[in-house]
Amino acid sequence: MSNGIKVIKDKCVGCGLCVKSCPYGAIELIDKKAVINEKCTLCGVCVDACRKFGAIVITRNTFRGQDIAAYSGICVYAEHRQGKLSSIVPEIIGAARELKKDLSKPICAILVGKDVSAMAREIISYGVDEVLMIDNPKIGDFAEDIQAQLVADILTEKKPEIFLGGGTIIGRSLLPKVAAKLLTGLTADCTELAIDPDEKILHQTRPAFGGNIMATILCRNHRPQMATVRHKVMKPADIVEGYEGKVTDMSHIAIPESQIEVLEFVEEQTETVNIADADFIVSGGRGLKDPKNFKLIEDLAKALGGAVGASRAAVDADWIPYSHQVGQTGKTVNPNIYVACGISGAIQHLAGMKSSDIIIAINSDPEAPIFDVAHYGIVGDLFEVVPEMIKQIKGA
Amino acid sequence: MPSFRNTYIMEENVNYFLTEEQEMIKELAAKIAKEKIEPVAAEYDENETFPWDIVKVMGQSDLYGVFIPEAYGGLGGGVLEMCIVTEELSKACGGIALAYAACGLGTIPIIQFGNEEQKQKYLTKIAAGEWLAAFGLTEADSGSDVSAIKMRADLDGNEYVLNGTKTWISNGGEAHVNVVFAVTDPSRGARGVSAFIVEKGTPGFTFGKKENKLGIRANSTRELIFQDCRIPKENLLGKDGQGFLIAMRTFDESRPGVAAQALGIATGAFEKATAYSRERFQRGQPISAFQGVQFMLADMATQIEAARALTYQAAKSIDSGMKQVSKISAMAKLFASDVAMKVTVDAVQIFGGYGYTKEYPVEKMMRDAKITQIYEGTNQIQREIIALNVIKESARGTK
Amino acid sequence: MKIVVCIKQVPDTTNVRINPETNTLIREGVESIINPFDMYALEEAIRLKEKHGGEVIVMSMGPPQVESSLKDAIALGADQAILLTDRAFAGADTLATSYTLAAGINALNDADLVIMGKQAIDGDTGQVGPGVAENLGVPHITDIRKIEEVTDNYMVCERLLEEGYVRLKVKFPAVITVVKEINEPRLPSLKGKMKAKSATILQWTTKDLDIDVDRLGLTGSPTQVVRIFTPPKPEGGKVYKGETRDMVSELLSDLQANGVAIKKSKGN
C-alpha cells in the first residue's frame, strides 16, 4: 500500500471538523465531503480531529530500520562544559528514572570530553547504572562534529532503546546530528515522556505551533528512540546516596579530527539576565506600552530580589533583549514567584512559565487569559499597581 | 523581531485603478510606515529627530527613485507614484514623511530643467537615497512672491557669487542638494530671478537656526545662509532668468505632494479615531454606537475620499502631460489640507481627553496637519490661483 | 562564495488562536510567511555576498505555493531560488527533510556555506540544520549571533550559549544556524520586487536529484505523530478588584498567610 492521506468517503459526514483543524488550510469541503489538496504536509492533525468518524487515514510504511529487538535500556547524554555537568543532566536522569519504573531496564550515560572522569561519579550518584566514557584531550567542548561521531559510535555499540539529551543549545545541536548518523527519529524539546504500557515504546509529547497544540510522537521502527528534553520541565533526579554504578571506558573508539576550533569562551552573566535559574521573576509585556516603562518592572524585581522577564511581544518590539524572553520561543522558567505585568497570556508565553510555583498577574483586562493560570490576579492599571506593590513590599 | 507579514490591510473599497507597479509601491511604503515609522513617530516628534535611519531604509527600498527617470537609476514613475508614497508614509507620521516629500520638491526642478550632467550627477544619488534634496525659495520678506526675492547671484568669471538668506527650508541642513533662487538681474523683477544648485559643504554656505515648530517636528526647518558663496557657473539650473518659471512649474507638480501628505495625515487620524471609537466604552456601549460619533466618522471618511480622488486626479493630470495643471494642482492642495485640518481636529475630539494628551498619536497629527494649509503657498494663495484660472477660462469662453 | 539559504514557509503562528468551543485552530487571517528566523539567515547571506562577493541561492522544500516565499527572498536580494517539490516529499519529519535538502544542496555543487534560521516557528525543533550538515558530511554550528571574519577557507563566529557565548572557527564547507541578534533584516526594494515578479523559480523533483526514494517524505520519517491535542485549559485563582492599595495589601497578606515569603531587597 502506498503512503499518503486518504479520505474514506463513506465515513465522512461532512462535519468540517478537519477543515477547521488543519493548520495549513489543506482541506476543503466539496459536495459535503472532505477533500485534501496539495497544501497538505501529512502532519496528521486532521486524523486526530476526525477520531470520532475515522474518515481520514494516513498510510505509512517507513523505510527499514534497525533490528529493534537488539536494543535495550535507557541512555542519557551527560552534557558538560568547562569541567562541570550541565544543570539539565539531573533533569534528564530524572526523566530516565521515571521511564525506568515502567521499563525495568538500566540507565546508562554517555560522557565524552576532555578531563571528564571526575564527573562520572556525580552522574552515577543521580541513579545511573553505567557511565560510558571517553576521556581524551582531543575532544574539546563545542567540537560537536566529533562528539556526534563518538556518541553515535557508542550508541551503535551499546544499542540502548532510548537516548535522551537536553533541550539545550548543545543538546539541540548534537542530537540531530547523531540521529542523522544513525538514521533514527528525534523529537525536540519534549515536555512529557512516557512508556506505552502495551508496546513498551516511548511516547514523546511536545508543544507545536507556538504551544497552541501538543503533539505526541512515536518512533516505532527505528532505534534508539531519541528525544531532547525541555529545560526546567522534568523534575531533577535526587542524589541517591551510595548508588552503585560502573564506569565503562569506551576509549577503543577512534577519535576523528574536529573541523571546529574554540577561540574563546566568554561568560556574560548579569544579575537580571539569568532568568532560567531565578526564584523570583517579574515580567513585562505589551501593556507597558513603552520601553522606558521597563524601569517599573526592574524596580519591582529589585524590591523582590528577582530577575526581569518579558513576553515575546515586548521582545519583538525591541523593548528588551531576547535573553529576557519567557515562553515557547524564549526560556522556560520555574521560579517560586512569577509576576506577570501587562502580559495578556498568549499560549506561547504560558508555555514558558506556567509551571512556576506561584503566578501573580496584573492586567487591566479581566478577560486576559493570564488570569486563567494565575494563582493571584489583580485587575488594574499596572502603572498604579506596580508602584503600590513596591511601596508596600518596601514598607513591609 | 519585526513582523514579516504584509501589514497593509486598509481596504478602502474604492478602485483608483492603480497599476500593479503602483500597488507594489503603495504596499512597500505602507510596510515601511507601519514597521519603521509608526514606532518612532512620537519620539522623533518630541525630540525633533531628523529621521536619517528611515531615510536610509527608504533609499534601500528604492522609494526615492519612484519619480525619477529610469535613465538615472529611478523607476520612471511620476507625480502619482510620489503621492502614493507620501500618503502612505504620512499615515504614520507627516513629519517623517516630509524628509521624502521635501526631497521630491527639491528634485522636481532638476528633473524638469536640469541638463544631462546635472541629472547624472544629482538624480542618481537622490534615487539611491544617498543624497536628499531641498528647495530654497522663501525669504524672510518674501513668501511665495518670487519678485520680492532679495538674494543675489552675481556672475564673476566662471563662478556665481551667492549672497542672501533663505528661511523655513524643509530638509534644511540635512539635504546635500539645494535648489535655491536668487536675483541675477535686479532690473527685470521676477524675470531677473534664476535657479541654482548648491551642494552642502560649499564654502560660504551655512545653516541658521533650526525652527522650533508646532508640527512636522521630525523635519529640520532651517535657514540657508549664503555669504560670498561661490559656485561654478554650471550650477545654474535652466537658463538665466528662468527662476520664476522654474518655481511655478515646480509648485504645479509638487502641490499634489502636499495634498498627499495632508491626505495621509487625515487617513492616519481617521483610522486611529475609528478604531478607538470601537474600543472606548461609555454607558455600556462603544462610542461608535452613538450617532454623534457616527456622523463625525461618516463626514471624515467622505471628506478623505473626496480629497483622495482630487489628489490622484491632479497627479494623473500632470503625469498625462497636460499643460495647464496649476488649477487642479492648487485645488488638490487646498482641499486636502483643509480636510486634514478638519479631520484631525475631529479625531482629537473623538479621543476626548485622551486625544489631548501625548499618550495618543492624534494630537500630533493635528499639529502636523496645520502646516499643509500653509506651506508651498498658503491656502489663500491657492484660492487666488484657482480663481485666476477659472476667470481666465471663463473669459476665453465668452470671447 | 556560494551561499545556500534554506527557508521554510510557515503559518504565522503569532496569529494562531484556538477556538475555545471546538478546541481547534482558528486559521482565518493566518498568512503564510517565511519563517522569521530564516529572514535573519537570508539577510546574513546577502550581507556576506555584498562584502565578499559570490551568490546567494535560496532553497526550500514544500508544496508549490512555497514559490511565493521564494519570490519574496529574491525581492530581498537572493540571486536564485530553488523549490524542492514532489508528492514524495510530503509528510517528511526532520530526518527526511534534512536528507532531501542535503540532496538539493549537493546538486548545486560546491556550496561553501549553508545558512538557516535557528528553528522554524511552527515546529520549533531546530533539527534540520545539524541534520543537513550530517547528510552533507560537513561541520555545523548552531545559534550564531555574529560572524566576525570570513576567508576563502574558514569563518570565525560567535555562538550564543545559555550563559554567554563562545568564539569558534570553522572550516568551509559548513552549515550554520543564526539567531535574531545577528542582524536586522532589510525590507525588500522595489527593484527587487520587480525582479522577483519575473524571476523563474526552479522546481526540482525526485527525478532531478540523486536520491534514495525510501528516505523521502513519510516513508523516510522514523517519527510519527500519533496524537494532537490542545493543552488543557488551566483553572484561574483568586482575582482582586477595586482600589489599588487594597488589592495590593490583600494580595500581600494572602501570600503571607499561605506561607509565601516575599523577599525584602537587600540594602533597600
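Per-chain residue numbering starts at 1, and chain names A, B and C are given in the order in which the chains are listed.
Keep this in mind: contacts are C-beta pairs under 8 Å (C-beta built on N, C-alpha and C of every residue); 3 or more make two chains touch, one makes a residue touch a chain.
Everything quoted here is computed from the prediction, not taken from an experiment.
Shared contact partners of chain A and chain B, listed by label: C. Comparing chain pairs A-C and B-C by the number of C-beta pairs in contact, the larger count belongs to A-C.
Put simply, the chain nearest the middle, going by average C-alpha positions, is C.
Chain B has its Cα centroid 53 Å from the Cα centroid of chain A. If you average the Cα atoms of chain A and of chain C, the two centres end up 16 Å apart.
For this pair, chain B with chain C, the centres built from the Cα atoms lie 41 Å apart. Multi-chain contact residues, meaning those touching two or more other chains, occur in chain C at positions 14, 180. Within chain A, contacts with two or more other chains are made by no residue at all.
For chain B, the set of residues touching two or more other chains reads 1-3. Chain A makes touch with chain C in their complex at residues 3-4, 17, 20-25, 38-45, 48-49, 58, 60-65, 81, 141-142, 144-145, 148, 168-169, 172-177, 179-181, 183-189, 203, 207-222, 258-269, 274, 276, 280, 302-306, 312, 321-322, 328-329, 336-337, 347-348, 350-351, 354, 358-360, 366, 371-381, 384-385, 388-389, 392-394, 396. Chain contact summary for the complex, chain C toward chain A: residues 11, 13-14, 16-19, 22, 24-27, 30, 62-65, 87, 90-91, 93-95, 98-99, 119, 121-131, 133-135, 138-143, 156, 159-171, 174, 179-181, 214-215, 217-231, 233-241, 244-245, 247-249, 251-252, 254-255, 260, 262-266, 268. Put simply, chain C touches chain B in their complex at residues 12, 14, 31, 33-34, 36, 39, 180, 184-194. Those residues of chain B that touch chain C in the complex are listed here as 1-6, 21, 24-25, 28, 31-32, 35-36, 57, 60-63, 65-66, 75.
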